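First subunit A sits with subunit B, and in the next complex the same chain sits with subunit C.
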Partner chain A sequence: MSSPQVTSAATTAGSSGDDVPPRRRGRTSRPDASHARSYGPGFIAKLVLMAVVDALGVYVVWSAWTQDSYGILAVSLALLVAANWVYFTRRALALKYILPGLGFLLVFQIFVVAYTGYVAFTNYGTGHNGTKDQAVEALLVQNERRVEGSPSLPLTVVEDGGTLGFAVVGEDGAVTAGTAEQPLSAQDDATVQDGRATEVPGYAVVDREQILERQDEVTDLRVPVSDDPEDGSIRTTDARTGYVYTSVLEYDAASDTITDTSTGVTYTPNDDGQFEAADGSTLAVGWRVPVGFDNFVTAFSDGRYAQPFLKILVWTFVFAIGSVVTTFLLGLFLAIVFNDTRLRGRRVYRTLMILPYAVPGFLAALLWSGLLNTRFGYVNQVLLGGAEIPWLTDPFLAKLSVLAVNLWLGFPYMFLICTGALQSLPSDVMEAARIDGAGRWRTWRSITLPLLLVATAPLLISSFAFNFNNFTLIYMLTGGGPRFADASVPLGHTDILISMVYSISGVDGSATKDFGLASALSIVIFVIVGGISALAFRSTRKFEEIN
Partner chain B sequence: MRRSILLAAALTTTLALGACSSGGSGDETTDEPSGESSSTASGGSLTIWVDETRQDAVTDAAQSFEDETGTAVDVVLKNFDEIRADFLAQVPTGEGPDITVGAHDWLGELTTNGVVAPLELGDTAAGFEDVSLAAFTQDGQVYGLPYAIENIALIRNTALADEAPATWDDAIAAGEAAGTKFPILVQSDGDKGDPYTHYPFQTSFGAPVFEQNEDGSYTSELAMGGPEGQAYAEWLGEQGAAGNLSQDTTYDIAVEAFKNGESPFIVGGPWMIESFEGLDLSIDPVPAAGDQPAQPFVGVQGFYLSAESDDAIVANDFLVNYMSTEDAQVALYEAGGRPPALTAAADTAAADDPIVAGFREVGADAVPMPSIPEMASVWSFWGVTEAAIVNGADPVSSWDKMIEDIQSAMDA
Partner chain C sequence: MAIPTPATTAAAAGSSAPSSRTLTDHRRMRPRRWFTELGWRHVVGVVAVVYAAFPLVYVLSASLSENGTLTGSNTLFADVSGANYAELGTTMFWTWMANTLVIAVATSVGTVLMGAAAAYAFSRFRFAGRRIGLTALLIVQMFPQMLAFVAIFLLLLGLGNVVPVLGLNSKIALIAVYLGGALGVNTFLMYGFFNTVPRELDEAAKIDGATHSQVYWTIILRLVAPILAVVALLSFIATFGEFIIARIVLTSESNWTLAVGLYGWVSSLREANWGLFTAGAVISALPVLALFLYLQKYIVGGLTAGSVKG
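This part shows the complex of A and B:
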């Protein structure tokens, strides 16, 4: 879809560039007449608009700064500077027209494609969700165990010259206090009020406000119960109650290893972004690492996917080409019929024809899946008098239904563009053909159709690209089903490549998520669609030579 | 003239672009006010993700927490279906919430990705129903504060059947005696099937999905293969052939039929009840099809704590000391209609609503839905195979192939 738009943007830019030089030459004699220098109403309007843009831009940059989003900050700053330069310089006339478009292209197309490309070379997915530091932290926290049967201890956060510590009241009412370096020691002179220590000699009690300012320090603090690490340490999550914990895993930052204290096994980080022991066992939480072409290799080497992939690839082409051909033929036929001036009430018919186009696609697909239900659907129940035809659950019929529903959804679009193209055909050529003695059929085949194709071929190509990735229809109508009975992966007869990617990536919850693999497959699809579109556009040039 | 119009158009577009790029950082800007207030009020600040059914109840609890502690609480409304993926994606960036609502079966994925922090409920743990805590427990650690328990049961239209059936055959006989269109309604979903609703029948043949440890947690060892599973598969085939089960009976169709009195029984959960206004209902255990008790899955709703929360102490305080109170849990029950997880609150709720009491009674014998990451591989084959068998596929060979496929997906 985007390609035709780009072409038109380019032509606009080109044509505007063409008629600029003469004017500019005229202006060189009168430098003050430049749009950028004259202080007329146009300039003031520009100034006001640019002020608004700048205000918004500065707001975005500032928000990005306060949120530490430096990527957004850099891009919005660059766009802002570029906008100001472009609209206040005299030399960038073409850019004045295309800058907004370029900006959109950058944000919504190039960034998305580049990010997908980046993810395709990482192992982003379940188990590799964040950074290594986060993984280490999660592993340590998940593997701390409260000592079984240990009491919950009313806790007070205390401070000893800037070092945080805990004072807890034991089950016997005795107060003990300590810091990370100093194991708990008895504090006989401490004051206890309502079961909680309120004053501890040698320590200053930290008030709630300060605790909240130093939350990370408090939650990270572990006060050993005694000199023996086996006894565990006190920690708190709410700064009100402490519990005795022992940790199973210990991280050594110097050697970058994690040791399981209960078994003595040492885990070292491996290339897949996980901690791995000598025997090959790994710890559950990993992190995101670049994996090179691994995802692409997996996409094509997994034996379970090989056979369904081929079937799905074929069906994707059948579906995309079939959809374009059927919708175009029906749309063209109807356009020709309703283009006949002898037909009365053409406007009413035309409006009716466009109705399916006005219904949102996902809604219509959902509606049709209800209509085609085997036992309760309107089609079987009412139209076919109670027949139980498995429209969506038989492999062949399901494919037919998908094509039929897409025909219903898609023909109004083709009808519209064909009507438009037919009405703009030059009548002189037709007249010339008639004078030359060409019959109706001959005129249609040699004049009308080629001229029609010049106008519609780019739209047919974009329609192909659209249907190649028509995820909504498949997802809403059949969900890819019926499943392949002979395959061992959750894929079905009406799955197209993009819905296959959705299912393999696990975004639908039917498998563990693998965004890396999904991105790699998306790039493969991008290459297929892009390649076919480029080839097709090249071959449509021969239509244009007719002109 | 023409040029100035174009210029204006171009500038407006640039302006829109600027607006868009600020829209892109929308998630961050919502956090902004709370971030500022934390430095001024220094009572800390919390961001909580909720869906609309829980919004009011959580906002009320947040308000009282705010009044008492001076902490600014920002309750953000999210679509429940999006919370899981957004939480996974945003917590590692540091932009996620401190607390989110969620279902217990997300637990395996959330811990594998290291985005949730364990909670220490301390003495408050004793106040919760055992099954609700077990559902949020992994490797001996609790990761969520449960607030609601939901499970399916047999909903009976007392005008059409005056006593609870003990077995599946009784139910069919009673349904046929009632002379309604369907003897019993068990929802499915086309060729995707609905293993959640069919699970009690599967357990009645002694074929639970995974082996369980002594403490009730699941191992990753499949338990639904073997002769028990095959017996269940054969039963599915027989009932499909007899027309008692059908893959075409979707949720909407089943609920509509029951509402219109076309069947005395429907297998379903508390979320159906409001569709059945005007009917006199009784909640009974799901009738066993095999020779063992029919145990439905229990789903537990709760609150998760982000592993990257900057205000972990406040968040813990809020969850452990405020959301676990009877008032808060009853308020959540009144807002969402799901039986509370706190025993005292559940007693209150059950006392004034026999429907809640009925579901709770059935839920007492139920098992938590597995939350281990391997479960994802099971779902994708399970329902489809069941639907195919009901639709006439060979039961035993289909079932065995499903077990193989699940095993190979788990090993992959």
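This part shows the complex of A and C:
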């Protein structure tokens, strides 16, 4: 056996030793027998797959390079190299099987969780969206004003593959055209009629009707005059005449300050990621800076958030524990009732009873939100004869309704696992108990129940963790409402932590975005859920399975 | 319930003599005893079935009602018409349905492929980092991916600048995100099952000259088919109903999934859209319901596999 062939994977395999050594011996003596060397269909398939992966990978790396996204560049390059190494080496046998899943896991789970941790310590959100350079650029653009006394330029709205642009006729009669991304450039071949460009090669002239349709886009469009932002840009308000706009703000890179040329006020950067004047006023656009534990402090002690946060935290626990307990008790009760082989039609009962489990959760929650509607819902109108009970709008009743709906959704699952556990109880222990003279109640309490709990405990923990984050149910059933009367933030009595995070993050575009605070709250949930499951799994010795 | 055990053993043994005895027992039972032993179970069963099924009956009735409002749906089966179903054709419903099926099928196929491969490696190879890898997976499992939705949003925002197809409002990006959560959730379930397949089988194949990939594709995967079915189904159902990430990632209406689209119907103008929603709900629940009932046996086995075997 040649030593270079002994890989780290193979070395460890040798110790427990059963599958790899014979193969490696085969390889050394007959190299052509190796999978990688036999040009069978498997090898061709691998080559084709790797070619596709490489092509995509190179494309991603190249676009990352052109976009100056060096983080993405590094990660995609690393993944690409790893993939090629793993699949074209004879080493790393196990990695050949793990890598695809591992890649996705690293990027879309481990990275995002770590990134949540990072964002939690920044002020990322509305007004603090990007880097300082981006903030400066945005400030300059946003504060553009028409240059006093600048000439009005005849303007034509043009389009380049869906991207709007302007073609303007300068004072000297020369036509220039460009888009938001591309500064104005001379268009010598353009046709000019009545002092206005009517045809520009490379662009399509947009007709009047379309301009009306895309009015907002046209008035928002700014076409830079040149590569230098100081030169300003062309804008229009009527799609017929354009003016040169330049920013009233001026950024001085040397002193790192912004000066408002119209008022003369100088703004200097502060620790919160904003430009601040001497009188304390700040410019609207800031940038992302680390803020330490500020977000956590806000969550626990800020007047606006602390009270709702505590209420929501308590309710989240009540909801998660209550859900597990109620569904488990009902499921267990039904499992015991139907665990009698003499009962006819057991399968029919079982099939009909587990129907709620087979209905997607979001449909069930939406359906119940209609059934429980105060004025028109089936429950009030028909079952309660026209009563107007505010099932989803009264703070207490809404909580009760959430638990009740979750009971409907969740009991079939518990019924199934309890039935499974009951049926797999060892019959010899039961028999021994009977021979020892234990009564039915005694057997149940001392043997059945403990064994059942041991068997179902891991699933109960998973169920707790699931309900702790049961966003769909809460959001679809009550939307977190009814709102807290005293809070200025959009939170309500049935909000659980995850729906609170959702509201605060503003990712759905309905509120101001506060990614920092939202991530900090996510971290709190991670700690709670992770801590509880770790404790619980440790006590159920799940870790031992690894051996 | 004085003699529950003979009956149980009789049914289990399935021999003819004892089972005929139970039958005669049954016939001889006096009504009162029958009720205290079995009858009350039927009562409980009927109540439970009504509780479980009445919302479903209601949704079916509402979807068939001609009047598409919430109030108009309160008399069960007052009228039966396909108006609501026909009207679905004028909405984006079928686009959403197609989106949802594409996303859910792609996710569940990817999940099974990647999860099974990883489980095979962990179960059959002994390599450096195996123990750490398994422990890490167990820990990752405790941090649901969904909780990091803010970071997922920001990640896709950044990725979209580089590769638009992996950015926001792309179904492929959503599938990639779902696949990211696949390994953590399912590997353990599969790993346990893979361990129950005797290693002598792959060793025999290897002695006969099979490569590791031949063993995997032609021997192991066939033997673990039940767990593959379970994982595929659970992943399909989970993806089918996933809301929060789909809501964030898919911004334009033509890319929505059913969960996002139907939520929109109910949350806006709840009254007027009720008929449409119920018809959509019936149709979208059908594939899951059918799969579920068809594979019921496997699911029950799969659910308890993780726990009972310990």
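Here, the second predicted complex is superposed on the first by the 326 of 547 C-alpha atoms of A that agree within 3 Å, B and C clash if a C-alpha of one lies under 4 Å from a C-alpha of the other, contacts with A are read in each partner's own complex, and residues count from 1 in each chain.
Here is the rule we use: a contact is a pair of C-beta atoms (placed from the backbone, for glycine too) under 8 Å apart; a residue touches a chain by one contact, two chains touch by 3 or more.
Please read all numbers here as calculations on a predicted model, not as lab measurements.
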{"item": "Which superposed partner A:349 touches (first subunit B, second subunit C, both, neither)", "value": "second"}
{"item": "First (subunit B), second (subunit C), both or neither touched by A:126", "value": "first"}
{"item": "First, second, both or neither for A:63, with subunit B first and subunit C second", "value": "both"}
{"item": "First (subunit B), second (subunit C), both or neither touched by A:528", "value": "neither"}
{"item": "Touching partner for A:368 - first (subunit B), second (subunit C), both, neither", "value": "second"}
{"item": "Chain touching more of subunit A, residue-wise (subunit B, subunit C)", "value": "C"}
{"item": "Touched partner set for A:482, first subunit B, second subunit C, both or neither", "value": "first"}
{"item": "Touching partner for A:397 - first (subunit B), second (subunit C), both, neither", "value": "neither"}
{"item": "Which of subunit B and subunit C A:243 touches, first, second, both or neither", "value": "first"}
{"item": "First (subunit B), second (subunit C), both or neither touched by A:378", "value": "second"}
{"item": "Subunit B and subunit C footprints on subunit A, overlapping residues", "value": "35, 42, 59-60, 63-64, 67, 69, 72, 96-97, 100-101, 104, 107, 369, 373, 376, 479, 507"}
{"item": "List of subunit C residues in touch with subunit A within their complex", "value": "1, 4-5, 7-8, 11-12, 22, 26, 37-38, 41-42, 44-45, 48-49, 51-53, 55-56, 58-59, 69-71, 73-75, 113-115, 117-118, 120-122, 124-128, 130-131, 133-135, 138-140, 142-155, 158-159, 161-163, 176-177, 179-184, 187-188, 192, 199, 202-203, 206-207, 209, 211-214, 216, 237, 240-244, 247-248, 259, 262-263, 266-267, 270-271, 274, 277-278, 281, 284-285, 288-289, 292-293, 296, 299-301, 303-304, 306-308, 310"}
{"item": "Of subunit A, residues touching subunit C in the complex", "value": "8-9, 11-13, 15-20, 22-23, 26, 33-35, 42, 59-60, 63-64, 67, 69, 71-72, 93-98, 100-102, 104-105, 107-113, 115-116, 119, 124, 334, 337-338, 340-343, 345, 349, 351-364, 366-371, 373, 376-378, 381-382, 408, 412-413, 416-417, 419-421, 424, 434, 440, 454-459, 465, 469, 471-472, 475-476, 479, 498, 501-502, 505, 507-508, 515, 518-519, 522, 525-526, 529-530, 533-534, 537, 542-543, 545-546"}
{"item": "Contact footprint of subunit A on subunit B as seen in their complex", "value": "3-4, 6-8, 10-22, 24-25, 28-29, 31-32, 35, 42-44, 69, 71, 85, 88, 91-92, 95, 109, 111-115, 117-120, 122-123, 139-141, 190-192, 246-248, 250, 253, 307-308, 310-314, 316-317, 320-321, 373, 376-377, 379-381, 384, 388, 391, 393, 401, 404-405, 408-409, 412"}
{"item": "Parts of subunit A lying in touch with subunit B, wherever the complex brings them together", "value": "35, 42, 45-46, 49-50, 52-53, 56-57, 59-60, 63-64, 66-67, 69, 72, 75-76, 79-80, 83, 87, 96-97, 99-101, 103-104, 107, 126-127, 129-131, 134-135, 137-139, 141-146, 152, 208-209, 211-213, 215-216, 218-219, 236-241, 243, 284-285, 302, 304, 369, 373-376, 392-393, 479, 481-483, 485, 488-490, 503, 506-507, 509-513"}
